[in-house]
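Paired with chain B in one complex and with chain C in the other, chain A is shared by the two complexes that follow.
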Partner chain A sequence: MIVEELRHSYGAVEALKGISFEIRQGEILGFLGPNGAGKSTTIKILTGQLAPNGGRGSVLGFDVSADDPRLQAQIGVCFEEKNLYEAMTGAENLAFFGRLFGIRRLDSAALLSRVGLADRADDRVKTYSKGMRQRLMMARALVNAPQVLFLDEPTAGLDPVSSDSVRRLIREEADRGAAVLLTTHDMAEADELSDRVAFLNDGELYAVDTPENLKLEHGRRAVRVRVRRGAEVTEESIPLDDPDASRRLADLVSAGQVVTIHTEEASLSSIFIEMTGRELEG
Partner chain B sequence: MNLNRIAVVAAKDLRLGPRSPIFLWVLILPVLLTLVLQVAFGSLFDPSPRLGVFDAGESRVTQLLQGADGIEVQVVSTAAEVKDLVQAHDLDAGLVLAADFDRMVADGARPPLELYVAGESQAADRMVLSVTVLDAIRSLQTEDAPVTVNVVGVGDEGLPIAVRLIPAIVMYALMIAGVFLPAFNIADEREHQTLDAMVVTPVKLAEVVTAKGLVGFALAIPMALVTLWLNDALGSRWPALVTVIVIAGLMYTCIGMLYGVVSKNIAGVFTLIKGTGIVLLGPAIFYLFPDWPQWIAKLFPTFWVIDPLYRVSVENASIGDLAGSFAVAAVVIAVVVVGVAAGVRRLRSRLGST
Partner chain C sequence: MNEKGSRLSIIGSIVAKDLREYRRDRLWTFLTILVLVLMAGLFWVLPDTVEETITIGVTGLEETAARALADDGALDVVPVDTVGDLTAIIDDRLQAWRTPDDSVVVALEPPSGASKVDVTMGISFPPDFFTDPTVASVEVLVSGAVPPEVRTALAGVVREMAHAVAGSPLPVSAPEALFTVLGEDRAGDQVSVREQLRPLFVFLVLLMEMFAMSALIAREIADRTVHAILVTPARISDVLAAKGIAGTVSGFGQAVLLLVAIRSLGPSPLLTAAFVAVGALMVSGTAMIAGSAGKDFVGTLFYGMIFMIPLMIPAFSALFPGTASPWIRALPSYPLIRGLVDVITLEAGWADVAGKLGAVGAWCLALFSAGWIVLKRKVEAT
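Moving on, here comes the complex of A and B:
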């Protein structure tokens, strides 16, 4: 996926101000940004739902502005809204979307099994919990074994078990070779899943890099040590570039005074705030 | 346009139909409306007077009664059965004719005539049956009747209101299936954002809208025919009737697709139909009020399918008689199709913008 200087405006509001990035096959790009940053607009343009005002996007060699069914045949989209057919069963939902992709005999049971819904295949979606619906949304995005996956907040509001299940699926799809564009508010999720992350705010891209590089670039090479001295617990920061760092750390450990040791690398959340001046939530 | 994808979407809607209240409404409402209007204005619960006849011979009276308009005649095998059926009010009246009844009347012998009348029968039915029986018996006599009755009609000779209501009922059937169903289905998909899920697959928005129209059309045709059949108004010119119904179904379905693509949600469809219902149903009102200037009805686009429908089903018009109306209807359909195409383009851009 290649995005170059992509622009879009809703009337006078500039939603995208010329963003550029690439995603390779098998790569997960975490798209991070607060509400209104332009994440959904980017997905809508790249999935052919919205025509850009400027720049270009190319997915699997197809121009996204062309509304080409050959492109849509190779992408999967998981929306933030649970837009399923509530009156249909889980299996019927998958079978219907399979047929839209020209798949006459979809193995719905296998897909539902992957998302842990095999035993609810014949129940109507309106009886599903939020987590089950989200997992079905993921299964629906996978009916055509897509080469590119667009996932818009796929774990938002889910319990830890459902979130883990969805994250495992995302990783499996990337391992299969799919390129994944993942939008999320969850920094821990982005850190865990993404090969690279992109910081988007107010229609502008502030950074596109691996979480590791960003943390190294914006964090301190130091360890924070909590030390007990008598009844008192104090904190001590030891810069790793200090020539005495090894000796100081060894002294504390050998004295048996260390309570905890943490690195002082930056979190993605703090880097985001540092770069954009905004909190990620809202 | 990919026919296979259109068929997939249409098949999904048909399969979901029985789970949708609006779909059931489409099937039930025209039948319900017909029954209600027949009760109010028609003859569903106002049957003809029922006369039972036991004829011990082969009286001409029996034949005359069987040929009489406005009464139902049942020939019974025994005199006792006639009495029993009348007593149970399975018949309004029963007549027992002796073996040589006709000869005795012709001879002026004044034979006995047993006419039983059910206690629960209505006075009007008794009167109709008595007069009809006496009239039949008098015809056996060779003498002229003592008076000659001239029937003089007063006032305009018009069709019964039950017949004049037929266009309204059929229009309603077409409107519910052809307009309401596609419009509702499109708006429902948009409201629940399932339309967004579909347009990121190879299916095109125009294919989805076409599929919704096809479902509406496929239901509008049989529902219009069933409604005509229930109202005993199928007429005798089947090719003309089918042509009219197909053109009418097409026009209403296109209007339904137009309403669907311009409505944001289901509430929007209801508002639109309430606001423009007069345009869709207007021509039917003119059949109820023949004194109104009928040229006004021609200003309504749906007149050009409803008037042919009325003329085929009630006046037995042929396809040739209706060519002019069909031409105007085709122009109206073409204009609506252009509107649908523009609406689809507009909806496509709106979907991505919300």
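Moving on, here comes the complex of A and C:
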């Protein structure tokens, strides 16, 4: 997926101000930004739902502005809202979308099994919990074994078990070779899943890099050590570039005084705030 | 699969999905069945005969004279003893009953074996009517609901009756009336209420389909499921075509089912089906507009009513004899209703109703195109 100087405006409001990035096959790009940053607009353009005002986007060699159904045949989209047919069963939902992709005999059971819904296949979606609906949304995005996946907040509001299940699926798809564009508010999720992250705010991209590089670039090479001295617990920071650092750490460890040791690398959240001046939430 | 086959397959899948959703919507399924059963039941309950005789109660007239008045068969003259009785009959305080020996009895309850006589007006002839009918005054008794124009007309009729009863010629010689019957002359072959209601029943079924389809469309937009379809190889034109087909198939199927149930496909079932099919397509177009405008059940109901009321007017106008006003004839449903009346009731053929079929086709094209554009814009904007 190649995006070059992509622009879009809603009237006088500039939603995208010329963003550029790439995603390779098998890569997960975490797309991070607060509400109104331009994430959904980007996904709408790249999935062919919206024509850009400027720049270009190319997915699997197809120009996204060309409205070519061959592009949609190879992508999967998981929306933030649970837009499922509630009067239909989970299996019927998948079978219907399979037919739209030209798949006459979809193995719905296998897909539902992957998302842990095999035993609810014949139940109507209106009886599903929020987590089950989200997992069905993921299954729906996978009916055509897509080469590119667009996932908009796929774990928002889910319990930890459902979240883990969805994250495992995302990783499996990337391992299969799918390129994944993942938007999320969850920094830990982005950190855990993303090969690279992109910071988007007010329609502008502030950074596109691996989480590790960003943390190294914006954090401190130091460890924070909590030490017990008698009844008192104190903290001290040891810069890793200090020539004396290894001796100081070794002394603390050998004296048996260390309670905890943490690196002082920056979090993605703090880097986002530092770069954009905005909180990620809201 | 080639491109055309792929498009047809996609449209077919969406149509099948829409019909399945429609079937599973308990409210609309219930209402659809209810309307079908109600219409079919009502049809068979309604009388299939036409009352062509006007019954008049008279006082002060000898029975032989009364019988003479009723000679032409259009009038049933019922002699009543007193003006008080006649007034009570017209006022519904008493009833006239015809006994098995053909005499008329005025009472509140029916005598044994008597049948009710519906007296619509009364005429009281004074005692000196036969000696000097030109100066005598005749009292005409009508219910308060009879409008003044009809009362004036009745006065004219009474004057002529007076001359006939007294054996006096009219003071002037009246020209012979020359009747020009517009349309098919149904004299002696009048259409019963049941037959008149057939197009109304068919149209009600189609309108019920309009409400159901608009609710389905509104839900598809509100739940944003249509967006999930549009990120597959399906195009917006496929979705719109599928909605049109699903609405038309469903409406057409229900209307034909009703026509079969009431045995009213007419002498030319293909022609009847052609009108019903075009009508179903027309209401699908209006369903697209109503479904795009309304956000929920109440919203679609509101916008559906905005279309339903003007579309229903021609159906009701078909119940009444005479030519419809120009503004009624300008309504989109008028050629559909008139076409159905002509084909089913008046047994018209293809050549007779080609113009009406063309007109309803043009309206259908206009409404469906409008629905297509409105729904497309709505989907693109959300």
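Worth pointing out:
We take it that the second predicted complex is superposed on the first by the 282 of 282 C-alpha atoms of A that agree within 3 Å, B and C clash if a C-alpha of one lies under 4 Å from a C-alpha of the other, contacts with A are read in each partner's own complex, and residues count from 1 in each chain.
Basically, a contact is a pair of C-beta atoms (placed from the backbone, for glycine too) under 8 Å apart; a residue touches a chain by one contact, two chains touch by 3 or more.
Computed from a predicted model, the values in this text were never measured in an experiment.
When both complexes are superposed on chain A, chain B and chain C occupy overlapping space and clash.
Once the two complexes are overlaid on the shared chain, A:Tyr10 sits against chain B while remaining clear of chain C.
By the touch criterion stated above, A:Phe79 is placed in contact with chain B and with chain C alike. Legend: residue contacts after superposition of the two complexes on their common chain; A:Thr47 is shown touching both chain B and chain C. Touch criterion not met for A:Arg228: it reaches neither chain B nor chain C. Of the two partner chains, neither chain B nor chain C is touched by A:Arg168. By the touch criterion defined above, A:Lys130 reaches neither chain B nor chain C. In the superposition on chain A, the residues of chain A touched by chain B in one structure and by chain C in the other are 47-49, 67, 69-70, 72-73, 75, 77, 79, 81, 83-88, 92, 96-97, 99-102, 140, 144.
By the touch rule above, chain A contacts chain C in their complex via residues 47-49, 67, 69-70, 72-73, 75, 77, 79, 81, 83-88, 92, 96-97, 99-102, 140, 144.
Listing the residues of chain A that touch chain B in their complex gives 10, 44-45, 47-51, 67, 69-70, 72-73, 75, 77, 79, 81, 83-88, 92, 96-97, 99-102, 140, 144. The residues of chain C lying in touch with chain A in their complex are 1, 6, 9-10, 13-14, 17, 20-21, 24-25, 223-225, 227-235. Across the interface of their complex, chain A is touched by residues 2, 4-5, 8-9, 12, 15-16, 19-20, 192-194, 196-204, 349, 351-353 of chain B.
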